[in-house]
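Per-chain residue numbering starts at 1, and chain names A, B, C and D are given in the order in which the chains are listed.
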Amino acid sequence: MDIIINISGALFLLIGSFLCISGGVGLLRFPDFYTRMHAVGVTDTLGAGMILIGLMFYSPDFLTFSKLVIILLLTLLIGPTTSHVLAKAAMHNNLMPKLQQEDNIKETSSSNY
Amino acid sequence: MFIAATLAIFVAMILAIIRGIVGPTLYDRILAVNMFGTKTVLLISLLGFVMGRPEFLDIAIVYALINFISVIGVLRYSDTNKLKHTPSNEKPLDKEY
Amino acid sequence: MKDLFAVVMLLGIYSLLSASFFVAMDAVDVAFTEAAVGAGISTLLMLVVITMTGRSEKTTRHKPWLALLVVVFTGGVLIYGTFDMPYFGIADAPIHSHVAPRYINESMKEIGIPNIVTSVLASYRAFDTFGEVVVIFTAGIGVMALLSVGRRPEEDEKTTAINDSMHEEYLVIRIVTKMLIPFILLYALYVQFHGDFGPGGGFQAGVIFAAAIILYTMLFGLTTARKVINQSFIQFIAAAGVLLYGCVGIVSMLNGANFFDYNVLASDPVAGQHLGILLIEWGVGCTVASVMIMIFFNFAGRREMQQNNEKVNNIEGDSL
Amino acid sequence: MIIGLFNDWVVVVLMMIGLYIVIAHGNLIKKIVGLAIFQTSVFILYISMANVEGGSAPILAEGIKQFSNPLPHVLILTAIVVGVATTALGLALVVRIKEAYGSIEEEDIQHLDNKTQDETEIQATEGDQS
């Protein structure tokens, strides 16, 4: 029985950490603010959720299990809200998303950035 | 198994710091701070399990709250002059932050 | 880094990093406080000040080479000084062998709470913590003296106008914070009374409590927050916290023991210690929470006064 | 040898960075940030001294014998909260300086000071002559 718990816990941890790294890489590689925001927003909440669920499998007693549930609920509530507020504030301060590839189209005016 | 997860979180945090320093616009930096915060929450809970002391989870909860409050604070005070009612004659925030 | 906003945010990352360093160094209580205070309150205060004093700074440096020279020289001397310090983490370093074993071994018998840091903080060293609470109290009074703004009633319709405009700006966030704030306050109380068994205590609980109120003020506007918790009530609570702390000492003195010795507070000494530590943590929590709220209210009030003056000048400027 | 003293060197480097920021930068808020860095480096010094290899957090629990030293933790706990109180006071002063002088750059403040000083001297001399 505990072999299954260990394996599933390890599996969740693996997926979670892979998502976190992909979020980080996405943060660096994407050209424009909004695409980066998308990358981080998605992987942050999901990766954190996966790792926390993975940890739940290893938690010794009920107290730690309940604390992990609280952290999971908190991250699920807070993650998307902060991304929403961030995008709203950025859009409010006329930070236009880069709509088309500027480098190969030379004549487009650079007004949209 | 925990060590592998903590290393992965470390790598993600380093990437977030790089974006935090390089980030052209102010909002990239806020994004980096936000991502860094969530990663530290995970790091603390993993450290709690690695060191066998589950009290660390209290700190992880506080981290999540404080990260939320500081990102809200930054956003609330970074676009203040948008709230002025009279058409503010001074130009909005200059383009390049 | 010309833009001060970025500097403050990187300071936020820096204090988050130092707090996770403290966690790795087994300093659980310290990480708790550093996270709640360092990353939370000081970053917010700096943000408010930056909106008042302008976002960019001149990059002229004063004689940077001389400063660099001084810094490198003192650094070299200090590093030379570290050579005879004990290596990191050795168990028989002098710091661990004289005073610490007494507290680690006897604190369970004398005070009976597992968290040694809280027992040392609240009962062995209660007098120092009392002095420290008074320091926080005076800092609150100092900020109030510097920044307090007279309340002019006719300002209200202007600020209510701002509040309505904030409504459609932050609709989603307001609903989420409405759900979240009760749990933050509940968590602050948990941290307050959980100080004996796990990381926590008066300081951290007070700061988390203040952070919840600050979150409320940021999103619902200062006037509504002032209606919810008016200024004089907070000042009373701050004073009451310090008074409670002092009274616990005087009561133990009246019962015949010396100033902060709780053994006499209850029938058997260990129960007395528990009661004393509980009351002291409560006093510290009240003072820290109300002083932090008072400080933030003063800063935000000052900022609002400045914005109103600016707007008044704009209107006069336009009407001329 | 290297690993043993690494923590202290990190502390010294951070302290020097904080000192440099306070000395070289003119902006008052930058100086407060420098002080904050200086302060955290002192905390790191105390906490790294208190750590015992293999010891765990100073909360008594069964089956754990070796604890790291709780005393520096208590010291740093109070130091952090007092540090924030002083930073709040410093920021309050910066706000008042901005209102009084209109800028928080060191040179502008000194410039205005010298100017007001010269004016008062001139008035004093005119007062003596008349």
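In the analysis below, a contact is a pair of C-beta atoms (placed from the backbone, for glycine too) under 8 Å apart; a residue touches a chain by one contact, two chains touch by 3 or more.
Keep in mind it's a predicted model, so treat the numbers as computed, not measured.
**Q** So using the touch definition from the top, which pair is joined by more C-beta contacts, A-B or C-D?
**A** C-D
**Q** With chain centres taken as the means of their Cα atoms, state the distance from chain A to chain B in Å.
**A** Measuring from centre to centre gives 12 Å for this pair.
**Q** Could you put a whole-Å number on the gap between the CA centroids of chain C and chain D?
**A** The answer is 16 Å.
**Q** Would you mind pulling out the distance in Å between where the CA atoms of chain A average out and where those of chain D do?
**A** 35
**Q** Give, as an integer number of Å, the spacing between the C-alpha centres of chain C and chain B.
**A** 20
**Q** Going through chain C residue by residue, note those that touch at least 2 other chains and give them in order.
**A** Touching at least two other chains: 8, 26, 28, 50, 169-170, 173, 180, 198-199.
**Q** On chain A, where are the residues touching two or more other chains?
**A** 78, 81, 85, 92
**Q** Please set out, as single numbers or ranges, the residues of chain D touching at least two other chains.
**A** In chain D, residues 56-57, 59, 61 touch at least two other chains, as defined above.
**Q** Connecting every touching chain pair, does the picture come out as line, ring, star, complete or other?
**A** other
**Q** Going by the contact rule at the top, pick out the chain C residues touching chain D in the complex.
**A** 4, 7-8, 11, 14-15, 18, 21-22, 25-30, 33-34, 37-38, 41-42, 45-46, 49-50, 52-54, 57-58, 60-64, 67-68, 70-72, 74-75, 78-79, 82-83, 85, 87-91, 93, 95-96, 99-100, 103-104, 107-108, 114-117, 120-121, 125, 128-129, 132, 135-136, 139-140, 142-143, 146-147, 197-199, 201, 203, 207, 288, 291, 295, 298-299, 302, 306
**Q** Can you list the residues on chain B that touch chain D in the complex?
**A** Result: residues 51-53, 55 of chain B touch chain D.
**Q** Within the complex, which stretch of chain D touches chain C?
**A** Residue list for chain D touching chain C: 3-9, 12-13, 15-16, 19-20, 23-27, 29-30, 32-33, 36-37, 40, 43-44, 47-61, 66-74, 76-78, 80-82, 84-89, 91-96, 98-99, 103-107.
**Q** Considering the complex alone, what residue numbers of chain D touch chain B?
**A** Residues 56-57, 59, 61.
**Q** Help me check something: in the complex, which residues belonging to chain C touch chain B?
**A** On the chain C side, the touching residues are 3, 5-6, 8-10, 12-13, 16-17, 19-20, 23-24, 26, 28, 31-32, 35-36, 39-40, 43-44, 47-48, 50-51, 161-162, 165-166, 169-170, 173, 177, 180, 184, 187, 191, 194, 198-200, 204, 208, 211, 214-215, 218-219, 307, 311, 314-315, 317-318.
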